[in-house]
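First chain A sits with chain B, and in the next complex the same chain sits with chain C.
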Partner chain A sequence: MEIRSERWDQRHLITLTGRFDAHETPRFRELLADLLANGSGLSVDIDLSAVHFIDSSALAELLRAARAATDVGATLVLLNPSDPVRVIFELTALDQAFSIRYAPTVPDTPGFTG
Partner chain B sequence: MSAVPATMAEAVNTLLRAAGTEQARLDVGPFAAGSVPEAVVAAQHVLQLLDLHEQAEEELTDALVAAQDRLLALYDLTRVQAESRDHAEAHKRTAAAVLTSTECDSGVLAGGGLLYRAGDEAHFPILTRIAEEAVARGLTEPAVWPDAPTPTMVAPVPVSTSPALAIAITRTRGPAFDTGDVKLVAAVAAVIGGLVNLTRLHQSEVERAQLEQEHQMASALAQAVLSTEPPQVPGAEVYAECVPANLAGGDFFTFAPRDGALWFAVGDVAGKGLPAAMIMTRAVTAIRNACVAGRSDDPADVVNQVNEELFGYLVDAGRFITMAVGRYLPGSGHVDVCNAGHSPLARADRSGVTVIPPATLPIGALSTVDARSLRLPFDEGDLLVLGSDGLAEQQDPRGRLFGYERFLTAVGRAHEALSYGRRHDDVPAQVARRLFDEVAQHAADTQPDDDCTLVVLRAAEVAR
Partner chain C sequence: MNNSAYEAYRAWATHEITVPPVVSVVIPAYNEEERIIPTIGAIATYMSSRGEPWELIVADDGSTDSTVSLLQNMRLANMRVLVAARNGGKGSAVRRGVMAARGSVVLFADADQSTPIEQFDRLYRKIVVEGYDIVVASRSATGAVVAGKSRLRKMLSAGLQALVRIGGGLAISDTQCGFKLFTATAAKRLFALQVIDGFSFDLEVLYLAQKNRMNIAEVPVEWIDAPGSTVNPVSVTLQFLREMFKVRMNSARGRYMQHNHLGAGAGPAPSVSVSVGEH
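What follows is the complex of A and B.
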């Protein structure tokens, strides 16, 4: 899985591409931990539009990230989950545990360079 | 005819006699030129040269013997690993061969708390200090140690794992160390390094084997919570099977009979292997207790109770559990199921196959859930098939998933073919076999990436 991380002021966009499974969770966790270390007021968007497979370990990792964000006063939003990811969200009812937004990847905030 | 002379001295005397000179006169002082005949002087020269020759020959022989000994010692050094019965013997033979091949009296191998000594004990303290010093300095090439009381060489021992090691050897008798010795000592150090590597490798293999054994035992213990046979509840035919992708996994099922009803649960702890299995055992215990000891007839109460009990634990572990809990009272015409984010769950009756959707989030996702059960019609011959995502997500060699659609289709076919008009109580087992077979066919030898679990419940005829 490819992890791309871009920041503009208090907004952060993480773009995941590929297969998100147990092998990838340590890297993802590390990135989120760094990000949320001073995460108060931070807004983290995780773009899932290019994730073609997600397993339960990765779901648990997303859940952990969402909790960690809440704990430090940041907000975490899952952006544009792909069809395979959306199916898993629906099957597990975990869509109720996340903030999910369907929107253009790059917010139309002036200066958000992505 | 006189005898042929046997030695050079005899030959010289024969020549002297032939020249008319007495043999005894050979013993007069050396080179008294003029006073003795030239033949005697020449004979003295010949005999002196002969002496030198014999001396050289003797020295050469000694040197050859010594070289032969060193060669044998080196040969022994190369054979030690193959011929020793254990590490202790290998170490002892290596040490002896090292000292012989380098013509040293005493040697020490040290570094990182390790100390191995051989030869003359009197030199041990100094050699130990020198070898440790060499390690501390990060010595990279063999060298003669300058400040040693006796001629001493040090060499780093090339090892593939830490800690670094060095040898220090001293030669108190015999020739001083020369450039030839540097190469020899480097070779000897390399052999010692090989032996150390082998010993360390063996050690780590032993540790790995022990760990592996413990892992196997722990896995077997964890999976043992699934080994109990489903309880016999008249009117409810059940088959359950869990195939973990590894030795143990997070998938589980459990059953409990209460007041004539069969309680059942199927679930999946997020993650894989032994860590997931350990959480799984705790979940199974919690679910079973809630089913057996509960007063409510509603499976949703079990889900809520288990979530309450395990939520903190699961948050700490960073996991969640998808599960479905159900209750079937034979003859009631319905089954109650509470699905907490688990899939695939299917019900098959005469009109086809329907999916049982999640009614709430997985256990451990939210601190409080307000789970609700679904009441589904469940009559004679109807089937409830509770699988796990490992089945639906089994890949074929080209990476395509078996998929939820295909799973439902397979359930429908198996149900149609097997479930009605049968009296055999092994219908659930046959259905499970078919489903597993279809998934295996799809996989076509692609290794399963996740645990696969199937629980099949069939409403059988009830004696009235």
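What follows is the complex of A and C.
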């Protein structure tokens, strides 16, 4: 899985591409831990539009990330889950547990940097 | 946002098909409470997006965890759950699923999505366009991409497949990949003959297919090791070797003819055809 992280002021956009499974969760966890170390007021968007499969380990990791964000006063939103990921969220009832938004991924504010 | 695959899935999930399915997908499941739902989500989304009527059959193998209740609570209109009272082995679960299938073609797929479902159509074309009876996903054929497999498992797999070619007389590079597509006729015929209930049923099925002069194609696939398998590779290897020997003994003793409920052996094609690759 490819992980791309971009930042603009207090906003972070993490774009995931490929298969999000137990092989990939350690890298994702490390990235989120770094981001949330000083996370108060942060807004973290995770773009899932190019994730074609997500397994139970990765679902648990996303839940952990959402709770960690809440704990430090940050917000975490899942953006544009692909159709299979959307279905997996529904089948596991996690669509109720996450904040999910269907929207353009890149802020149109000038100055967004990678 | 393009909702077409999602909407196709919703229609499949909520409305029972009124025509015979073109494709039956059979997933064997033993204590898969942690892996089965994402796999069903991925398979259901992709297969529904294809536009052809299809059904999903999950053949439980006597699970002792919450696999069965999870599946039953999903209430998917075109999914059947075949519950087994006790653990009979992967081969027995796949056999029950195949025998219950109503599709023109039958896909057997493992519960861990290690062979991504998006590769289905590459196998399907081999049947509908080129007329093969069986198409086997291969992790060994030229062009295959294998990720996450440990060195031990790679070594054991390579050794086993060499033994299969030499000792088993099978001209197939990967007999054990859990992603195989059959015409319904071939599937019903082969699973009526086969007797092995364990992991080596694939080997037996392919041996019988070759013996019955069916046309078999291999297609290289992308395969990703799915963490969470409770299978011990060494014990599975030893079991495989025992069962390979058992297949040869069964054949020598004529046991497969005794189990020939569907007329196997009548009118075989003149030669075995094994094709590897995309061609």
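We adopt the following convention: the second predicted complex is superposed on the first by the 111 of 114 C-alpha atoms of A that agree within 3 Å, B and C clash if a C-alpha of one lies under 4 Å from a C-alpha of the other, contacts with A are read in each partner's own complex, and residues count from 1 in each chain.
FYI, contacts are C-beta pairs under 8 Å (C-beta built on N, C-alpha and C of every residue); 3 or more make two chains touch, one makes a residue touch a chain.
Here the structure is a predicted model, which means the values were calculated and not measured.
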Clash-or-fit label for the pair chain B, chain C on chain A: clash
First (chain B), second (chain C), both or neither touched by A:Ser99: neither
Partner chain(s) touched by A:Ala22 [first = chain B, second = chain C, both, neither]: both
Partner chain(s) touched by A:Arg67 [first = chain B, second = chain C, both, neither]: first
Contacts of A:Asn38 with chain B and chain C, given as first, second, both or neither: neither
Which of chain B and chain C A:Gln10 touches, first, second, both or neither: neither
Partner chain in contact with A:Arg86 - chain B first, chain C second, else both or neither: second
Partner chain(s) touched by A:Leu59 [first = chain B, second = chain C, both, neither]: both
Overlap of chain C and chain B interfaces on chain A (superposed complexes): 22, 55-57, 59, 87, 90-92
List of chain C residues in touch with chain A within their complex: 1, 3, 5-6, 9, 34-35, 37-38, 40-42, 44-46, 49, 74, 113, 116, 118, 147-148, 224-228
Residues on chain A engaged by chain C in the complex (per definition of touch): 19, 21-23, 52-57, 59, 80, 83-88, 90-92, 102
Contact set on chain B toward chain A in their complex: 250, 268, 270-272, 315, 318-320, 322, 340-344, 358-362, 365-366, 389, 393, 404, 449-450
Chain B-facing residues of chain A, complex: 22, 55-57, 59-61, 63-64, 67, 87, 90-94, 96-97
